[in-house]
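Below are two complexes that have subunit A in common, paired first with subunit B and then with subunit C.
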Partner chain A sequence: MSAAFLTRAAGHRALLAALFLLVLPFLLPFRATAVNVLIDGLFAVGFNLVYGYVGLLSFGHAALFGGGAYATGLALLRLGLPWYGALVLGLVAGAAIAGIIGVLAIRTRGIYFAMVTLALAECVYYLAYQASGVTGGENGLRGIVLTKIDLFGLTLDFVDPLTRYFVIAAIVALALAALSRLLASPFGAVMEMVRENEARARASGVDVRAVKMLAFVLSGAFSGLAGGLQALHLAIVPIETLDYSTSGMVVMMCLLGGRGTFFGPFIGALVFLLLQNLVALISSHWQLPVGLVFMACVLFFPRGLWGQVTRWRPA
Partner chain B sequence: MAGLSLDLLALQIFTGLALGAVYVLLAIGMSLIFGMLTVVNFAHGAFFALGAYAGFLVLTLGGNFWLALLAVPIVTGLLGMAVEWGLVRHLYGRGIDDPLLLTFGLAYVLVELIRIFAGTQGLPFDTPDALAGAVDIGIGYFPLYRLFVIAMTVAILVLLWLFLERTRLGLIIRAGARDPEIMRVLGVDTGRVWRLVFGLGTAIAGLAGLLAAPLQGVSPEMGNAILADAFVVTVVGGMGSLAGAILAGLLVGVIVSLTALFAPEAGDVAIFVLMAVVLLIRPQGFFGRAGLMS
Partner chain C sequence: MNEDPAILRTEKVGKSFGRFQALAGISCEFHRGRLTAIIGPNGAGKSTYFNLLSGALAPSAGRIWFEGRDITGLAQHRFATLGIAKSFQITSIFPELTVHENVRAVVQAREIRLNFWRSRNAYPQFAASAEALLERVGLSGRAGVIAGRLAHGEQRALEIALALASRPRLLLLDEPTAGMSPEETQAMMTLIAGLVPAHTVILVEHKMKLVMGIAERVLVLHNGEVLAIGTPDDIRANDEVRRVYLGQRAH
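Up next is the complex of A and B:
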């Protein structure tokens, strides 16, 4: 492929992503995995916004994703909101929880950030666990039923797997387009500036703390939306959604694919889920090979899969 | 509450100190490793679980608790040194996130290995016979084993202090934390010193796991939950400060224990509130130096 083609293609990355999403379910050995790739891919892309672009390593994204999932689930179950209202509420919840965690975590710098976000997410987990009257506690939030999607006078059958896939794909594609626009904006450049050299950014008049805060809240919005989609897809929000393992999973996906690249986290989610599904065919101990692959990735391919690929392209 | 006497309160505080002792050991190992290597060891919780399971193995092979007390820190310490040599050292100078991510992946692998060899279910861990029962400590009867945990922690801390302050190797470690460059110029093999420190930290983590096992039983995930608690202790005490780890560890233990008595439904959340307050008032923690982490 020529460099000119790739440069031009990069300008239409959201469009490319949409095309890719269109064929994805037909490419995968497990059709059911496709929806999970969409949801976790969006989650990983949202995570990448703070880690890949601003350089803040968060180990608390489970609280943002899970918060969105619970908010969407509760909106459908208890408030009787329509599905789009419920999703918006999930997005807002993710952003709001990110705001609360961010206020505390962004006071610290460097390595503390990972520890503080992990601890605060653990706190959210315990809160949801205790508030069993609202959240269902240990049993998770059950009974979320969504069979039909009403859109512009159209009624779509959400039970049909392929229809469901394309509905979710459309929402994810919109989110990716928004993200692409965001990264192309001056704010996108400022984020990367903070990552590359915080002191210089500050000296250039950038309000570093505000940039970090805004990026974290936006990341929360994307994660919350992904969580909301997960709630609609699974029809249940397991308490494990808020677990440390969810935070760890998204870190792995982002790293595997390539931190700081647009498509990387999505590819990472795809590889992670394929690996998980393939190993699960043989053994229930899928965490062992996945963990080993991740370690190898950190040691030998810190750029991740997509990061390696884009590095090889002709300049 | 008629039953709430001063004695009961004192007993509960004592219980908290025993719990806090375990936090202190975990946090001190983590602080030691960070202070020297600037590596946040995310596998610290996994070494904690590994220590408990290694002790369990010693017991099932016919050994007793005292043998386990000796064997566990040796095993987890050597494993820690192997991890530093085989994995962590290749990431020095590559940015602070990479060793953290690597040890995070390692924790994933170690916990899964425990599940493969010991099963996914938790196992009960008997209190050693000689330490069963309770003794009168003046304010009431207190479980002997918890007293033992406190005493062991004090002993480990004293030994660690003597090692760091009164031996030649301790001097090298302290100097290496200040300026590894100069140590290298003076002919010290800092790589070996760092390996030793990493092993020391994981040895103490394994010992903490063994000491905690009779209190809570063993399960593959026991390290995951306590890792978050250990982070709270480290953030409250100040990263890299041993005095901070001790003070914050005991404080967190007592807070957990007291909320369990007065407001059990808030028990799990209380320490995170403590962390939030500390972050708002003094982001670098009790003993942390401001700007250390930038």
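Up next is the complex of A and C:
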């Protein structure tokens, strides 16, 4: 396979992805779902950076996503930062929390890594729960108001659902493009080495622990950005954002779509939210059918839905 | 430092696992540009010594010097960046990447790791080095194959290419012919013999006969201690070696 062919395919991939984001709100039965697909999609793709590309199963990503959401919300509400400043703060908060959790968790492996990240994320949850003076405690962070978006002298109406969708879509598209470049970079190659064979990576001079740490922090940045976007979108940060079920959800989305594939987690988020919304129309017990579909996917498509589609690599 | 004929020197290095002493203090010098073989019966401590030399294990006692520098207790990836590479006894490659990607990843990781923005394909020099290495180990025709699908002998050759890819001055090979057919073994031994004197090679081998033809020096371990050291002829003539090693295999 020539490099030129790969570049061309990658070019088309970006174009197709952009086109998909443009038509997405008109394809879905509910426009609100489209924005959630963007946000959770970005979250899942960011999560996949550690799970799919370095092989670390984190059960603590709620703390990174929720941390970003709270940071963005607080920046708007208390610090009076402009919306883009608030988003940057969300991104930085996600990375910083990932740094703290990472330092403590990265030395453990496998299921232990999952347990330590889960425990530390629960600590973040209780911190937010207790510090109700700052975070609003169990009521969540309320009163985030963002009606207008100013950019390059342009003022956009953030209340209009479609405008809001396209603003968020543009930011998500930029983040995905950055992530795609990251994965194609020399550092992306080093992450692949760690995922494929830690012992060989180490014997090749790669500081495996540092690579995992860096990947975790980068994943935290993307998760924090996704959380920040959710704060802007919902105008509230519910305490449930930090709940362990958020960590579980992103694992499910990632597995559903296909870990280790670029768009898989995004497709996983789309399928998950679509199922959730459709089933919720009929019954409030949406978890049962969604869980059954998830189990069926894991059993019959172990590479995930998107992973199954993209098994095209020639021998 | 380049005046020093020894590239690697161990000073009374020992390793214990709990109460079990796998390796008593071993002092040895390995000369630059030579091929030294470490042999010994099962349980002699070969693998333990190899793991100490490659940094996979830290010694419980003693010191290790590489090019005049004390490297005792450094992390394993530091051994690699200093110029010590190893091949694994059990094939250790990147199974889902192509053969070419395997080698290129290691070549590239030596030079550049923390670039997050450029394309990894933007460095033709690394692809070229990878191709040259594949040529050398006889895998150029298989460059596009997913490494996990190679035949066993080919994977062993890739293993050598990966060890060479980090451009080591000292190459440690752990039973490189394990599980190979006689023809593959012969090809591998020719390949290894051709690595000196450009590289210093230390070869751990269970089968004594294999190394006698290509090694310049042979270190015989027995029960975690040095039994003998010398040229292959010295070793063949050594009565004690005959007794503990050759004798038991009825040669």
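As a working rule, the second predicted complex is superposed on the first by the 300 of 315 C-alpha atoms of A that agree within 3 Å, B and C clash if a C-alpha of one lies under 4 Å from a C-alpha of the other, contacts with A are read in each partner's own complex, and residues count from 1 in each chain.
Note that in this section a residue touches a chain if its C-beta (ideal position, glycine included) is under 8 Å from a C-beta of that chain, and two chains touch if they have at least 3 such contacts.
Note that the coordinates shown come from a computational prediction; the quantities given were computed from them, not determined experimentally.
Touch criterion met: A:Pro186 reaches subunit C, while subunit B stays clear of it. By the touch criterion defined above, A:Val290 reaches subunit B but does not reach subunit C. When the two structures are aligned on the shared chain, A:Val298 is found in touch with subunit B, with no touch to subunit C. Between subunit B and subunit C, it is B that contacts the larger number of residues in subunit A. In the superposed model, A:Glu196 makes contact with subunit C only, not with subunit B.
Residue contacts after overlaying the shared chain place A:Ser204 against subunit C, while subunit B stays out of touching range. Legend: residue contacts after superposition of the two complexes on their common chain; A:Phe166 is shown touching neither subunit B nor subunit C.
By the touch criterion stated above, A:Phe30 is placed in contact with neither subunit B nor subunit C. Counting contacts as defined above, no subunit A residue meets subunit B in one complex and subunit C in the other. Across the complex, subunit B meets subunit A through its residues 34, 38, 40, 87, 90-91, 94, 96-98, 100-102, 104-106, 108-109, 111-113, 115-116, 224-225, 227-228, 231-232, 234-235, 239, 265, 268-269, 272, 275-276, 279-280, 283, 293-294. Listing the residues of subunit A that touch subunit C in their complex gives 1, 3, 6-7, 181-182, 184-190, 192-193, 196-197, 199-208, 211, 313-315. Subunit A makes touch with subunit B in their complex at residues 57, 59, 104-105, 107-112, 114-116, 118-120, 122-123, 126-127, 129-130, 198, 244, 248, 251-252, 255, 285, 287-288, 290-292, 294-295, 298-299, 302. Subunit C meets subunit A in the complex at residues 54, 56, 75-77, 80-81, 85-86, 88, 92-97, 105-106, 108-110, 112-121, 123, 144-146, 149, 162-163, 165-166.
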